[in-house]
Every structure is written in C-alpha cells, then in structure tokens.
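In the two assemblies presented below, chain A is common to both, partnered first by chain B and then by chain C.
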Partner chain A sequence: MAEVMQAADGTPLKRSLARALRRQKLRALGLIAPLLFFVLITFIIPIGNMLFRSVENDIVQNTLPGTIAVLTAREETGVPGEDVFTALYIDLFIAEEQKLHTRLGSRLNYEQTGASSMFRRTGRAVGRFDTGTYTDAITDANPAWEDPAHWAATVEANAADLPRTANAWSRWQAVFAAEGDEIGKRNLEDFLFTALYLDLRDADAAPAGLDAAYDAARATDPVSIKDAFIDADDKWGAPQIWETLTLYAPKYTPGYFLNSLDYQKTPDGIEKRPENEQIYITLFGRTIWMSLLITFSCIALGYPIAWLLANLPMRKANVLLILVLLPFWTSLLVRTSAWKVMLQQQGVINDVLVWVGLVDNANRLIMINNQFGTIVAMTHILLPFMILPMYSVMQTIPPSYLRAAKSLGATNWTAFWRVYFPQSVPGIGAGSILVFILAIGYYITPEIVGGTKGVFISNRIAYHISSSLNWGLAAALGTILLVAVLVLYWAYDKIVGIDNVKLG
Partner chain B sequence: MADTANDQAFVEFERVQKSYDGETLVVKDLNLSMPRGEFLTMLGPSGSGKTTCLMMLAGFETATHGDIRLGGTSINNIPPHKRGIGMVFQNYALFPHMTVAENLSFPLEVRKMGKAEREEKIMRALGMVQMQDFAGRRPAQLSGGQQQRIALARALVFEPELVLMDEPLGALDKQLRETLQFEITRLAHDLGITTVYVTHDQTEALTMSDRVAVFDDGRIQQLDPPDTLYEAPQNSFVAQFIGENNTLMGKITKISGDRCEVTLDDGEVIDAMPVNVTEVGQRTRVSIRPERVEMDKSRLMPDVHTLKAEVLEFVYMGDIFRTRLRVAGNDDFVIKTRNAPDQVRLKPGEQIEIGWLPQDCRALDA
Partner chain C sequence: MGLPPYATPGQRIWYYGFRVICGLIFFFLVAPIVVVMPLSFNAQDFFTFTPEMLRLDPEGYSLKHYEDFFTNPQWQLALKNSLIIAPLATIISVSLGTLAAIGLSQSHVPFKRAIMAILISPMIVPLIISATGMFFFYSSLGNWMENSLGLDKNFVGYVKVILAHAVLGIPFVIITVTATLVGFDRSLTRAAANMGAGPVTTFFRVQMPLILPGVISGGLFAFITSFDEVVVVLFVGSASQKTLPWQMFIGLREQISPTILAVATILVVISIALLTTVELLRRRSERLRGMSPG
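The block that comes next holds the complex of A and B.
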C-alpha cells in the first residue's frame, strides 16, 4: 500500500502538485511582498532591536575594556589596587577623548546613583593627573619620544615587551583614525607615557633600543593613580562602584529585567529591592487589574447595544452604528480631554450633582486623576472595539433560534441564557481580547486623566524612553508586557479556543 | 384526545386581521377552523400572509384584530412558551452549541422533567425519525435531511397536540423532500397530531394534506381537500396556482344551470361549466387542465363545440407527452397525453381539432 501515487507522466503526484502550486504561491508572495517588506522594515526590525536592548549591556565592556579585564580576573572584592586604576586611567582617557565616559556614567547611574556625576567629574580630571613626571622623565632621556613616528616604530617593534603601551597606542591611534586624523605631537598624552613607564618598570631588562627610557623609568618614582582617582572623586575609594562595575561587566545582563520586577543584582545574588523602591510589580498588577475591569465594563455596556444593533431593522441599525462609530471621527486627545472637563471637581458632573443636591458643594467627588477617571474614560474610548465584534457575531445568529427555544417552552430569559448567549460568546471573546490587549498597552488616556494612582505600565515605559532615557529598562518592561499579553492569549486559546473568536 | 372528540374545532381563527404598519393588512379577515388530528396546509405565494398566520398561531406575532382559539380557549394573550405548540422551522433552528440529544432534551428540561424520563423520551423521539445513532452528534455534523429529522423529533419530543411547520423542506433536494414528506405525514397520522404546515410548493401541499388552504392577498381563497382543490378550483387564482392550467378569455353568451356557452375573444364558441359567473355578458376566464383536453372526437359528446388548433411544439417527457398548441390566439395552450402504445405523437405544424367535456372546462372570474 506504500506505493507512491504517480501523475500521468510518471513523476510522483506530490511533486507534480507542488510544482503546479509553486507558481500560485510565488504570485501570492509577490502580492504581499510590499506589505511584508514594509512591516519588516518599520515594525519587526525596530521592535526586535528595541527588545534586544533589554538584555544588551556591552557599553561597560566597550568603554572600559582594559579595566574590566583586570577587574574580573581578580579574586578579592572591594576597592582594587593600582593595576586596576591604571587600566581605568588608560580606558577613561580614551573614552574621554571619544566623549563616551558620560554615556557610561548615565548607564551605571541606573544601577548606582551618583555614577553619572562621578564619571563626568573624573573625565574632566583625568587629563590633569600628575603623570606628567613620567612624560618629562622619558622625553628628557630621549627627545625622540616626542615624535609620533618614533612611538609608532618602537611600540610596534616591542609589542611583546610593552603590552600595556602597545594596547593603549593602538587604541589611541584607532580613535584618531576614526576621526580621519593622524596622531600629532600634541596628542602624545601623559597616559601613553604612563603605560610605557609601567611596562618598562615591569620589564626585567631594557627591550632593544629602549635603554634610555628604561633607565629613566627605573629612576622615576611611581605616582599613585589610585590616589589621583580618589582625589578626583572620593567614591572611587569606596567599594560600591567596583561592585557595580563587576556585576555589570558582562555583555548581556538580566539587570533590566530584574529591575522591571523590583529585584536587583547584588554581589550576594539576586535580591528584592528595598520596599520604597518597589514600583513595577504594583504597576503591572494595576495595569492588568484595571484592564480587566475596563474589559468587563465594556462587556456590560456593549452587550445590550450590540444586541439592539443586531436586532433592529437595517435602517435604524445603521443610524445606531454610526453613533457607535462616531467617537472614531474625533481625536483621541479631544475625547480624553472632554472627560477631563466632565469629571473634574469643578466639572460638569460635579456641578450637576451639586445643583441637584446629591453632593455637598464642599465635598465634590474626586473622579479624575485617579483610577476611576482612567476606567471611565478608557471604557468609553474602547467601547466600540467591544461592540463591533459582538455585533457582527450577533448578526449571524438567526432570530429563529430564539423563537425555536420559546416554542419549545423556554421563557424569554431561559431562551436568551441557554440559546442566544452561548452563541454570542465568540463575539464577547473577540471583543474582550481586543479591548484587553488595547487597554493593557494604553498610554495617552491614563497619562491625561490618570494622575499618579491611575497610570499604567505604558506610562512608565514612555517615561523611561523619553525622560530618563533608560531604554534598556523600557525595553525590559515592554518585553514583559508583550510576554504577559502572549501568555494571556495562549491561556485564552487553551480555555476558550481561539477558533471560537469570530469577528463576523 | 378522545374526551374532546365532539369538540370539532381544535384550532380556530375568527375574523383575524394583522397589520404591521397600520396602513395595509397582511391578513384580511381570516376565518379557519380545524378539527383535531387534521393535517392542514397553508399554501400560497410569498407575501400572501400564510407565514404570518402561522406566527400568530405560534405566538410570535399578535393579531391586530380577532380571536385565535386553541381547544376552545383564546390564546391571544398567552406567550409562545406557554402555548405548548411544537414548531419546525425552515432553517431547522437546531441549537448549534448543543448535541442532538441536548437539543431534544431542551424542551423537556424547561418543563423540569427528570433525567430518566427525559432520556426515555429522547430515545423514543429519535426512534420515530430513525436517528437513534446520532444522539451525540452536533447539528453541524449532520446532513440537511438528518437535521430536519432532528428538528422534527425536537418538535415532537414534548408531545404537543399541535405542531406547526414553516416550510420545513424548503432547503432540501427533491428526492429527500419526497422521502421526508412521506415520513412527516406518516408520523402526523400515527401520533394523531394536529398539524399546520406552511409551504409554497403545491405538490407538497397536495400530497401531504387532509385539507389545503390556498392563501392570496391576505385571504384564504379556497379551503378544500387536495382533489377538490385541483379538480374544482373556485376562482381563477386557485385554478392557476394549483397545477398546470390552460386559460382562454371570453364572454358568457348563454347560461343555464351547470352549462354555459362562452364566446372567446376571437369569436369561437366553447362549452363550459359556470363556477363564479352568473349572467350573460360577463367577462370570463375559462380554465381547462392539460390532461383533460381531448383530441379524439369519438370520445366527445356529439353536440359539443370543438376548436381548431395548430401544433407548435412536441416534448417527449417519458411518461407523458407535452404538446404546445396555438388555440384561439393563445400560443401557450398545453395538452398532456399519456405515453400509451397507441398514442399519436404530434408534429409541429399539424392541424388538429380539440374538445373537452363541459364539466372539465370551468368558467371563472376574469
């Protein structure tokens, strides 16, 4: 029975069919190609890139490669010794030239307050360290060291004996090469001489052709770079910054995600953040809870309207449908602002309530800048998204089902509950998914009417994107939100079945 | 049933009128009375008011005027779910989210029946339509004919005395329709159920019913057993609506008792039976069934008038021949002859003479 079916010309039927369908598939692909390309360029790639930022952390290693290498190699903790500070000196000097140290400062500032100003201050000071003595000693011993050509030749020839110097020199060259410049006399900065000095000090014998410099280095007393750093900012002398640097040395970090969930990395492992710094779990919880509440109010308000729409004669239903769609013709901002007018303490609703006498003038209701305001305004704004899928599903339920149920002896309520309602559930499902997913990521309305108690996680994401510029954290929060929605979607599929969702 | 056997009228419509818009009447002055156990069909073109009547009886529409009685009590103010009338819908209206058994269980559940009793009744009802094996299926898994059987079982499962059927076979193909027509009538008679059946298919009406009410323009045009309806239509609407019919227009020139003479518009004279014409000079439409037209002069009465006819078309239909003639200026005069061994097969262009028995030719309103 395992014989392969064959087409008339003897080729296997499957292959024949595939060939016949290929043209069709290619044509279909051609039709969607522009949209696919557009979505890829404007949507998938930027979002993927953005999500990647939630774990990306190469700024520390890219800015301070030498420091991180020495720092992570050591076993002890706490404030490190001269070797680390020397590496930091070289790294920071180069970073300062590229103006990268302030960015690193901002990055580390997310993990340790004060890091930003620390790097800025140190960046300014790093050019004025007392390492001029090395420069003077070496150039005095051999004036050829004032010539960049001599530097290039010597360092290249003795790269093995002068590791630090070779490294610093090539990186320094790269900085200027990137800007299209050559290294001139002016750019022979102190840090290069410091690296050379340290290499020569460490060498057992003078490398070839470096006798004068070797002797000069041996004759010069070392300057404490550590002290210079602590001089520039005394936080360099405290262990915290070194802990932070060690923790955030890897290229990828779970730090942003931990942060998003109110945890933090410490030298002792992952710990919960202090009580007063916990914010995101509460915000996520609030976002989900309020979105659910909004979804349920949309169902409660939308169901009767959808039912009415589906059961009215066509002409009247169309008029009503236009009323449902009317809000779409108004700007979202206008609608939200209108709720501000309605709900505020001196607003329309309060005025009416006071006028009627239901509310005392001194105790006007607070209905805005809190959760109530957000729920009311968002229910109103998202209502059409609930009504439309419910309407289109209800339209497909023939009235004869209700009649049949009644003719079989069911009361109006039983007929509705046992016959009509189960058939309208797919519409409720579709509307709920739509409204819930829209609500969970809503930004403008909570921003305007939410105050502090009624804001959503999306407002926090926006804050980190545009104000605090902590894109990594924003990306992590966004990723968690996305995953939460996908998990809910998956759960919905498991429980209700996504096949049951109908838009018409 | 037996205790009310002397109560002839089980379902009664008395002077029922219905208007949806307050301007036109959809049902005009309907009077109808059905005895228990009768199978009555409401037949008529769409918009004739037959479905509205059914809906009023079921309780989904309220009569604008008049009285509808069931078993002697007025049901005008009884909501549909308390009327206890079984109903079968055109699109079956099986609940798609329930299995066959759940569909059948529904009317029993709302009547608060116990589980054991429910199951017994469900199986019995399914047995009546030979669908016992399908209890666990969902309606979408059944064919149209099976769905209709289930719909029928559901309408019968709670043992109603009256069942309404609204074009239940409209969506089925011809063969299946014929099988089910037979099944429905058999069930209705076996169970002694009073049935009101609505259709626009006259064959269905004629084959299934005890009596047929022909609806047009909001009125019952004629209410009679099928044979009477076919052979003795009371007006030209019924004559044309039921079966195939040849009509000729003319004027009454002589009338006496159950005979009259009609002068056709082209001057020829024929014999007919007056039905709803009363005086000489009246315009009339005479109607003759195609199978009652006679070509063999020897079979006619000697003194009867005949007409000249020219054969236009001959169609071989297997069991019968259908020949189209031009008679008295009418190009659509059809005769049907049985495919018997000695039957002549006419050819187009042939000139023949036709006639009929006067009682087969009915002079109706113009």
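The block that comes next holds the complex of A and C.
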C-alpha cells in the first residue's frame, strides 16, 4: 500500500495544501472586496443605470394608466371615442394635482413638437370642464355626497358595480396619502362625480343605497368630454397625438436609440428622419473624423520626438522628457485656456503674424470656434499620450539593427523604413488607440474652442443633460459612445494588453 | 548618435533639419503653457500682450489678477472646495486602492482579469459617460440621503462629489501600486512572519515602507485627477461645490477674465512641483528595489 504523504499535523499533504491555497485565495479576495464593492456601487451601478435609462419609458404608462389601458385595447386607429377621452380626463386630473402632466408633456415633446404646450394648456383646462353639472345633479339629489366619509363608505361597498369610480377614488386617495393627507371636502372634484355618473349610467339598476344618485344620473344629459378636450386644444382632435401615445405606451422603448441614429418610430414602422432633422449621424461622423485627424496629427508630431528621445543618451533624453511631461501634468483647463489665448483673433498667434507682416491687421485669421481650433488644441493636449507609449516601445529596439542594415548596404531611408519602422509599429498602435479613445469622449476642450462646427457627440450629451433635459436621449447617445469605446478598448487589449498600461 | 565626420552634405542637412523639426514640436508642446505666464502679469484686462509689456515697461505689468484671485470670494470658494474635495477623494482611493493592489498581486487570485477590468474601468470609460451615469444615479442617492437620513444638503453635495472623484482616481492607484509590487521581494514578508510579526505589523513595518513611493505617486495621480476634474463635478455637484477647474471653465465660457491666467500660472507651478516629486520618487523606488535609476 502506497503511503499517503502527511503534513506535520497529520492531515494528508494534499488536503493540507488545498486548504492553504483556499485560505490564500480568500485572503486575496478579502483585500480586494472593499474596493470592488466601492467601485461597483459608485461607478458600475451608475453606468448600468444609464444603460437602463436609454430604453426606459414608464412615464406615459405611469401618468396615464387608464387612458393607455383603453387606448391599447382598441382595434381601430385615429382619434378615439368618448371612452378614451373620459379615461384621459380622469388621468389628467390626477396628474395635474401631482404636477406630473407637464413632465409627460415634455417627454412627448421629444417625439411630437407641440405636445408640451398641449399638456400644459389642457392641464389648466381640466378643472373647468362642464362636468360640474354631474356634481350638481348628484349632490342636489343627495347632499351626503358632499362628505368624503360617505364617498369612502359607498365606493368601498359598491366597488364591483362602480368600477371607474372605485379606481378613480383609490388613485385620488393615494395622491393625498403620499403627502400624509386625506381627501377633504374641497377635494371632491368634478372628475369623481363624472366617474360616478358614468358608472351609474352604465348600471342596469341602482346599486344598493344609491337610488337617489342613480335617478339623478339618469335624469342628467351627458356632457361631451371629447369636445371639451378639443376646445382646450384642437390637437386632441387630430390623430397624431394618439399615434404618439400608442407608440410610446410600452414601458420600454427603442425610441431614444432610434433618435440617436436619426430614425424615428411611426405607425408604419421605423423610418429615417427628414433630411433637415438629421443631426446625430453627422455628429457621430464628425466626432470620428476629427478624432482620426487628431490621432494622425499626434502620430506625425509624436513619432520624431519619440525617436529622438529613444536615440539620445539617457541624460539628455531625460531632460527633454520633462518637456513632454510638463504639458501632460498641467491642468487640462490651463492648456485649454492657453489655446484660447493663442488662437483668438486678438490673440498671440495673430499678433505675431500681424507684427511679422504675414497677415493684414484687418484680416486676422479665424482659428478659434471652429474645427481647426479643436484639432490644434486637442492635438496638443493628447500628444503626450502618443509620445509616451511610442517612446517605451522604441527604447526596446536595439540600435545595432539599424547599423547592421546600413553595413549590409541599405540607405538611411531603407534601413529606417524596412528595419526600424516595422519594429516601432506596436508603439504607434498603442498610442493611436489610446489617443483615439480619449479624443472621441472629449468634452471640455471642444466646448471652449470648438464653437458650433467643432463640437463632438459628448457636447450634445451634455446639452441634453443640462439644457434640453432629454435624459433618455442623452443616455442612449452615451450608451452608443460607450459601446464604441469598449470595442476599441477590447482591440487595445488584444494588440497591447491591459497590463502594459503605463503612467508617466 | 552623433554626426560622423564622413557624413555627406545631404546627411548633414537632414541631421540638422530633423533637430529643427523636433525643436519646433517641443516648442508647440511648451509654448502655450509658457505664454500664459507673462500674460498673467498684464496690467490690462486683456488676453494679449500690450505695447507696454512688449517694451518691458514696468507700467505694463501688475499683480492685480493675482490679487483678484486671492480676494474674490468666488475664486476663494472654488479654491477652498478644491482643497477639501481632492485630498479626501485621494485618501479614499489610496487606502482602498493599496489594499486591493496588494490583494491583486497575490499569486492565486480567482477572476483576476475580470476584477482588474472592473477596477480599471473608471479610467477607460470617457468622462462624459461616467458623468452622465453618475448624474442620474447620484441625484437619486443625494435625494435619499437628504430625505431618509436627514443630512444637510450642502454636506450631501460634498459627499457625492468626493465619492465620484475617489472612484475616478482608483485606477491610477491600482496601476502604480501593482507596478511597484511586481518588484517586491516576497521573502521579506515571509522573513518577517518567521520572526514572529503578525500580518498587520509586517504590512506597516516591512511592506509599506518599501512600496511607499508607488503608493505616493499613485496618490499624486489620484489627487491630480480630482484636482483637475471638471466634467463629473459639473454634473454631480451643485454651485456650492464649485471647484477651481469649474470656476475656470465658467470663466472661459462666459465672462473672460485674465484672473484665469493667474490661476493657470499658479497651477503650472504646482504641476512642476508635483512632476519633480513623482520623478524623485520613481528614482528612489528603483534604487530601493535595486534597479539602476533610469
């Protein structure tokens, strides 16, 4: 029988080693865990939240639940009938009390211009619809209806016979409960009576204890809520708003992504936006094109410097490296303001050119607030990110290879092009991807020196966050940019390897 | 790579021409930063050299923009905020980051690549996207802290910005500290343990002093990241958390004031100081680890 190797304490060695390994793994994970949780909570979850927001669309459903239920159940299209308008009346009344209708208006405004003012105007009008006649008729027949306690008791007892009323009443109660309040006498609004009236009209016989109200409802002529809506804003009588509401009823929508690619959702399917509304494809194209230009200028300017640094004696190279690291370490805002100072029409470069006599004082060059400004300033800002990886690759190329090539009869050019350059390509690749990734996400510099023609997709994202408040679209644009960067980063990892990221 | 005595005229022209080109590129790199400095002493409220300045007339120069920086309450608030936010964010990134880097440098770490990818991600994701994500999440976080925990609005604002900046600085700490740990001799900790030191004593007495240069330079990177960061603070913070870069950004976009140039000069001086520190630390670290200083 083969003897089992044992550790000092008598356990089999194999198990003892496995336990030690497990303990080591746990210790490593224990050290990493606090940071991992920190990053997950403060960074990964926010990014996930953004991804979610780019498809989230529950505002329509949450604000107009009744309307959406009736609207999506119907078969025909176009302007709906009285039933949908009644549901909308109840929904809007409740939304108006919570001041939610304006938010829904702004949301729908992204899809249909004019929706925002339409909801604001209608929100003001719902309190003044002619439905007061129902209120008067029912309270005249039985004054107990002016008491919230009577409402609560009756509605609860007859929930099955009064579906609309029960629904409206419980939602109305929830609005007040959310503020720690109760429905008071003043809050018995016309829409509750409208719901009650309609339920009673639909009932075949008076529900228990509702005889007076039932008779009063029977005796009162209906008021057209549809007409009241169209009175408040005639766009309710046109099919567009109803199409938009139906299209954006689901809780999740690809709408923001379609918008960011200049497409739109229509009842007939997905269509390209009209020519004059297409901005995002142009902007994405410009972002990529300008980032490429910046990357190429960085290669062109960075390669000679990296070559010089790699081929000078260490002592001299270290001194010159400071000239590269100084801009690298200088605040981004400082460098951007420096370029503003340099490039302005009354700026340093123009002054020098005028002084030298190359440019007439009256025709100073316009170098800022356009693409030229963005490209120059960003090339300057990103140049160190190109030089440093190139330099570290070139340092590893032995100079003897060049000498060998020359001694075999190659001209200077051939020796460089056939021997040196191919070995420096990994450095160019690493630097280019790094610069390109940084460039396509830049915001501050284009914002300050780019004017309108030299801005990037990130400036549009910031605009949607802080000015237009179309956060879903900002999230969708951000998601597209993020995917692009991650793909590039994956390529970077394949070519260079994450572990080779070096600083300074 | 000197020029050999037998070089042809063509080679000579190329040799000197190449140096001139390199000189011009270095000029391009440094000139904008250097130009800012004399302009910050401008006696006029212009962003350009006045005739008095070009004549080197003392009348053309003044310290009034520096005076404005040190007396204007807006700039002082911004300076104060930057000096509150950046150090606190740095402390969080350095303490958590160093621990995690030590954990990551152990020989058997499960899911090492995935963990590394997550920890490095704040550096890879473009700032505008981080800012967008944080904008949504941190505003609900802030509401929750104000309403449920009853914390002061101003305090919550600082907490949000500090957390956001701390996470942005973490990749730099991880990268520099793991790089330092690569050259760390594990037998030293084993020797310490052998002589009876507990893990905590070993860490503070043996490992920490040796990796300290890496930790400090990671900390400096984290500090500069926060100190120089404007996009995230614009989105996450409110006006009372306005930092120096934020104030400069407003100044550049709206009211053009030469005080920006005075601030810029001060920041350049600070970055030269930081650059020197990092360089000295790098040399010290390489000497400690027995490598020849590069």
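Definition applied: the second predicted complex is superposed on the first by the 438 of 504 C-alpha atoms of A that agree within 3 Å, B and C clash if a C-alpha of one lies under 4 Å from a C-alpha of the other, contacts with A are read in each partner's own complex, and residues count from 1 in each chain.
Throughout what follows, contacts are C-beta pairs under 8 Å (C-beta built on N, C-alpha and C of every residue); 3 or more make two chains touch, one makes a residue touch a chain.
On a predicted model such as this, the values are computed, not experimentally measured, just so you know.
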item: Touched partner set for A:24, first chain B, second chain C, both or neither; value: second
item: Which of chain B and chain C A:406 touches, first, second, both or neither; value: first
item: Chain B versus chain C as contact partner of A:42, first or second or both or neither; value: second
item: Which superposed partner A:440 touches (first chain B, second chain C, both, neither); value: second
item: First (chain B), second (chain C), both or neither touched by A:336; value: second
item: If touched residues of chain A are counted for chain B and for chain C, the larger one; value: C
item: Contacts of A:304 with chain B and chain C, given as first, second, both or neither; value: second
item: First, second, both or neither for A:419, with chain B first and chain C second; value: first
item: Chain C-contacting residues of chain A that also contact chain B; value: 412
item: Residues of chain A that touch chain B when the two form their complex; value: 398, 400-401, 403-412, 414-415, 418-419, 422-423
item: Of all residues in chain C, those that touch chain A in their complex; value: 1, 11, 14, 18-19, 21-22, 25-26, 28-33, 35-36, 39, 46-49, 92, 96-97, 99-100, 102-104, 106-110, 115-122, 124-138, 163-164, 166-167, 170, 172, 175-176, 179, 217, 221, 224, 227-228, 230-231, 235, 245, 248-249, 252-253, 260-261, 264, 267-268, 271-272, 274-275, 278, 282, 294
item: Chain B residues within the chain A interface of the complex; value: 58-60, 79-87, 89-91, 93, 95-97, 106-107, 110-111, 154-155, 158, 164
item: Of all residues in chain A, those that touch chain C in their complex; value: 21, 24-25, 27-32, 34-36, 38-40, 42-50, 53, 301, 304-305, 308, 311-312, 314, 318, 320, 322-327, 329-342, 344, 346-348, 351, 380, 383-384, 399, 412, 437-438, 440-444, 447-448, 458, 461-462, 465-466, 471, 474-475, 478, 481-482, 485-486, 489, 498, 501-504
